[in-house]
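Here's a structure for you.
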Amino acid sequence: MNVSFILLAIITVVGTAAAMGMRNAVHCVLALTVGLAGVAALYLQLGAQFVGFTQIMVYVGAVAILAVFAIMMTHSPEPAKPPTFSSFWTVGSVVAASVFAVLAWAIHSSSLAAHTLPPQPEVTVQQIGDALMHRFVLPLELMGLLLTAALIGAVVIAMNHREEIK
Amino acid sequence: MVGKGIIKGMVETARNFLGSYVSKQRLTTIQYPEERAPQIEAARNFPFLVFDGTDAEQGLRCVACQICEKECPPKCIFIEKSKDKKPDATGKMQFYPATFNIDISVCMSCQICVEVCPFDSIKMDVVYDLSNNDRFAGLLLHKQQLAKSNEYYNTIHPTEAAAVDAHFAEERAKAAARVKAAAEAKLAAEAKAATDAKAKSETTLADTQAQPVGGGTR
Amino acid sequence: MNLKLDQLDQIFVILNNWLLGYLPPVVRPLCSSILAIALILVTFALLFAITTVLERKGLGRIQNRFGPNRVGPCGFLQPIADGIKSLTKEDIVPNPADHVVHFLAPVLLVAAAFMAYAVLPIGRNMILVDMNAGVLYFFAIGSLMELAVFMAGWSSRSKYSLLGAMRAIAQMISYEVPLVLASIVVIMQSGSLSTVSIVNMQATYTGIWPHWFVFTPWGFAGFALFMIAATAESNRSPFDLPEGESEIIAGYYTEYSGFKFALFFLGEYIGMFATSAMAITLFLGGWSAPFSFLTWIPSYFWFFAKLLTIILTFIWVRGTLPRLRMDQLMNLAWEFMLPMTLLNLLTAGVWHFMPAGALRWLICGAMVVVPCILLSRGLKQRKKFQVRKYRFSE
Amino acid sequence: MSDATNLTAQIDINTIPALGKEQLLELAMGPQHPSTHGVFRMNVVLDGERVMKLKPVFGYLHRNHEKIAESETYLGSMPYTDRLDYICSITNNWAYAIAVEKLAGIEVPERAEYLRVITGELTRLQNHACLLGFLMQDMGASGTPLMYAFREREKIMDLFEGLTGARMMCNYLRFGGCRVDTPAGWMDAARKVVAEFPRFLDEYENLLVGNEILMDRTQEVGILSKELAINAGISGPMARASGVDYDIRKVDHYSIYDRFNFRIPLGERGDVYDRYMIRFLEMRESIKILEQAMRDIPDGPIVDPKTKIRGFRPKPGEAYGRIESPKGELGFYLVSDGALNPYRYRVRPPSLINLTVLEDLCIGQNVADVVVILGSIDIVLGEVDR
Amino acid sequence: MNLENIKSEIEANVPGCQLEFVLNPSPSAQHSLRLDHAHAVAVATYLRDAADLRFDFCSNVTGIDWPAKELTEKVKVKKLVDGEEKEVEEVRKTTIPGTLEVVYHLFSVEKKHGPITLRMSTKDRETEVHMPSLTPVWRSAEFQEREIFDLFGVVFDGHPDLRRLLMWPDFIDHPMRRDYVAPDDFEYEPTAHDAVLQRANQHQSEAIAKLASEAEGK
């Protein structure tokens, strides 16, 4: 529990909270981006460089932009101003609290929490690479196949869209 | 092969890049306040009034005929005729402009005033750095600012000015001859009148006056 | 003598250590970083200033004119005048704009651009952080710039800004793919994501020739592809569509003025230096000398010499080429760059597993050149563009 | 008078066939826009970057030149014609002079005709050079071709200054001839400039004609069919790029053009590349004309001495005179009622009429193409708005 | 290419059309044909499509404003004055009604001949200002007819997009009409010695007077 962790945690929590509370949808995404960046920083603090950077690249660089584009494409430029809290906010918070309770209980009662942590293993990027290429090569390839299929599907859908306009 | 045209273009720009260091023909820019572009004789900018001799008021060729005022397409010339007369370039008694203003914020340098002027008194200047703080009064040129000497005219448009001077010299000579002839005729007439009949002397006078008078249109 | 030259090479490191020697050991790492960061900020801001002058003068000469030559000797103090001008200009924010985001966008852009320098080895032992995922860090930070661009374009509430931002993001995302794929060949070959070890691998010599990756078929192709993608990433001509001034005024920074505009300018150039520096690190041997007998010249000199060469090439290209259109840009990315980078990966693999010799050169060279010609011919034929012949009527 | 017609340039989005109306973006390109060549506005509706609809809006530079001319003398309108298409003032003078000469039946001496051809073709050279530069500027070539074009144009403008006294607003022609004769040494200087001009064309060819990016940007963009070109009154290089074999220099045999040996380049596709190349080739033909004219120019008077400078009153009647200006068919229509000033004075502006097809050319193209197409039409707002 | 022949050819091929040959007395000898409204489009289409004419290129379209003109002529009339037949001079005034005229100049790209001139007139200048549009026949008339609508106020029936071209949409008058008076309600730039300056001063003093009177009224 050092200072940097507390700072990063605060950034993350404030960012995600703002993402829920803000009125403007684009602001929400930007706040969410701050939260995601905070999570990435937490990974880095834990020494997981690869995960941290990938988090930045994927979530900040790609997902945030995607979300923002989606909002821009679907919304009119003048943002409608919905109330900050919907009328079901009590129900929502009860659900959130219960989910949090369950998760907390699960983590607390698991074997991870009981033991003191073993000395941190020095995980280098090289080891991750080796693991992906040797032990987990099949899942990796499957993932690749899945993503390629998704990509082709997206292209096909986009092409249909173009033809319809013509 | 894709890229050939691009490479050709790159070579061309490189040639120009290097060429601008060696060839004056490529680097045509003139560093303005320090250097000036060579004066082109035919160049024109805004009109000015020519005067002969040293006194701008006395030697002004303009006779306030107001033709340029009428013909000026954007109507930027303003002339007030004088009440009295003074001798003009050829020595004839003429009116002169009491006021002669040109609003060069309106003037479009078309040179029509020069073309229509029968007295060769308005010409085009070549001064171009005329920027001014006062865009109304500062760009309204009065007679004093407009009047420039014939010598100045000779320096900026030598060929044209030489022709004008020759024309004036001819006119002056004609006028002088006329005066002389008139004087002689008068003398002769007087001499004859003393001796002879009147009718003969009148015909000689009419002969001398039949000569054409005053500047031609060019 | 040799010792002294070594000292010259390491002078900044020695200076740093000497300065830190006066401080208590607890604050040493922090102070060291602050010192290095300050140095990077100053150096590259200065390089930006010099580049603006060089660019304007170079373009001027290409266009047969002088370029700036009034402020200071040969106009080299022009950036100071420009800086003062942009500082004293009114900062105009459009009324409907989102003021906070509008302000944050240039800050984020410049911050992200500068952050990339953390992993770039400027000289021997001169690197801010030697991460073992350095290259990954670089690209991750690079993706932050897209966000900044989006923020600028969206927050201005101007249609031109929005169009510019859309173009910029589409372009940056599309070209990130070939950019990363082109650099992967180096990672494959060196087996490391650390920039320091990549440079160290290249800083060895056979005879007088260095082992730069660019001197291999896959390395050369990779370098060319990387540079094309880098040009597009940094929005330089002929890929300067996001700010294509003849079409969409100034793209995503249409509504910026004064110092914020200058910040965008700075961010763009800093980003361009960073990608160029990455290209140097990956393919041109980083700070290593081009010949073994020139190693006595300090390493940072070589780094900056290479950087300046690339910048000058950028300027040259900018002075020559017209701009591409959006669809052509995308076609280039997806129909030429992507297949070429993927094929290049294969070539690098083949190179890795074949025994050294002329045959390896021949096969790998063919693997790069033949698809390049075929692909470009295919592109050309589909568009059917050609120099035409014209008929005349008498 | 405003009938039920929709008077504004607002575009009704509902008339546009598109998938999602909310995706359409209305964009006002101009009047302050870097590449509308002046104060010109295009209201564009975009789907992404594709142009779905385009409406040009004129009149920002309107000063009612025709009304002014009705209160000027015949000669007094001559300097105003300089300001129509301010890049090629001499051809404007020429068209006006031809109309007045038709109206009043004035003959032009031979040397004056030669001088008109020489200055007119020099004007064509500088206009086309400028246009190619501007077109490249619109394509984003950061000014290099434009600066090269301006470097050459500067030499031609120096010639104009040496002859007429002004670089752009020449006010050179008079009814029945020219204003001044060439000063000593001018013809040699002009010969030198014309002899050096092909070097610039070669340089330009190297720089851009074979450039892949240029071809990619211009070929098959903004195609104008031959039929539409004729029906819409398109004239000049733009029509010839679409394959319309119509050059007024050849058709009307005005001035002394039938004495020269020159050819008219014709395009096939009618796209931007053709328009660009036709002008490029026309410059080479203009150089041919210039060389012949400078070789053959006789001595003699330069103006019909019978024509009065002041008090010029043509008989009542009307006349339409036209020439092949660098932009297209520039015509002047004059109605005289016997007074000092024309009763009706009309300019047929090629730039304006060539813009008729702007929308047809732009629909379905990209925003980036719109500026290139506009650039290839070659407009000067001084003439469009008058 | 004789206009008389063309006229008779059109009359033979477009039944019912009324063409009037308008003589042009100037040396240009560009005579013209006046069309009637009802058959204008048919005649234009015939001119464009007839194989031997093929006037496919409508070069110039323009309007002319002819305000109502009073002709005064002295006529000698025989009258009974005091029971005696006398020749008396009498001033007779005839008013030629005002009209708006539109002129089309046609050329043929295919046959490379021309021009022929077509004209059409409105009934008067105030209310009956309608005229058939020839834009459906020649696209090139599109902007030019819009310009005539804008500057002269001729309403073209059948024009696809009849809006003001050069003036702004809210503008009311038609500036190219002869009786148009430039409004004095915008700020003049004071250029000295100009009628403009006088008007500006006058305008200003009027405005001040108006303000003062308003203040007094309160």
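All chains are identified by letter, namely A, B, C, D and E, in their written order; residue positions are counted from 1 within each chain.
The rule is simple: contacts are C-beta pairs under 8 Å (C-beta built on N, C-alpha and C of every residue); 3 or more make two chains touch, one makes a residue touch a chain.
None of the values given here were measured: they were computed from a predicted structure.
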Subunit D reached from subunit C - shortest hop count over touching chains
1
Just grab the chain with the largest centre-to-centre distance to subunit A, centres being mean Cα coordinates.
B
Pair with more cross-chain C-beta pairs in contact, given A-C and D-E
D-E
Chain nearest the global centroid, as defined over all protein CA atoms shown:
D
So the centre of each chain is just the mean of its C-alpha atoms; given that, what is the distance between subunit A and subunit E in Å?
73
Averaged-CA centre spacing for the pair subunit E and subunit B, given as whole angstrom
43
Subunit A-subunit B separation of Cα centroids, rounded to whole Å:
83
Centre to centre, by mean C-alpha position, how many angstrom separate subunit B and subunit C?
63
What residues in subunit B touch two or more of the other chains?
2-3, 6, 9, 12-13, 16, 26, 28
Looking at the complex, which residues from subunit D come into contact with subunit C?
25-27, 33-35, 46, 49, 136-144, 147-148, 151, 207-217, 219-220, 245, 247, 250, 263-268, 273-274, 277-278, 281, 366-371
Residues on subunit B engaged by subunit C in the complex (per definition of touch):
1-3, 6, 9-10, 12-14, 16-17, 19-21, 26-29, 31
Enumerate the contact residues on subunit D facing subunit E in the complex.
1, 3, 5-9, 58-59, 62, 64, 66-67, 102-105, 228, 230-235, 244-246, 251, 314-322, 329, 331, 333, 335-336, 343-344, 346, 348, 352-353, 355-357, 385-386
Contact footprint of subunit B on subunit D as seen in their complex
72-73, 75-80, 82-83, 144, 148, 151, 154, 158, 161-166, 169, 171, 179-180, 183-184, 203, 206-215, 309-310
Touching subunit A in the complex: which residues of subunit C?
98, 101, 131-133, 136-137, 139-144, 146-147, 150-151, 154, 157, 169, 173, 176, 191-193
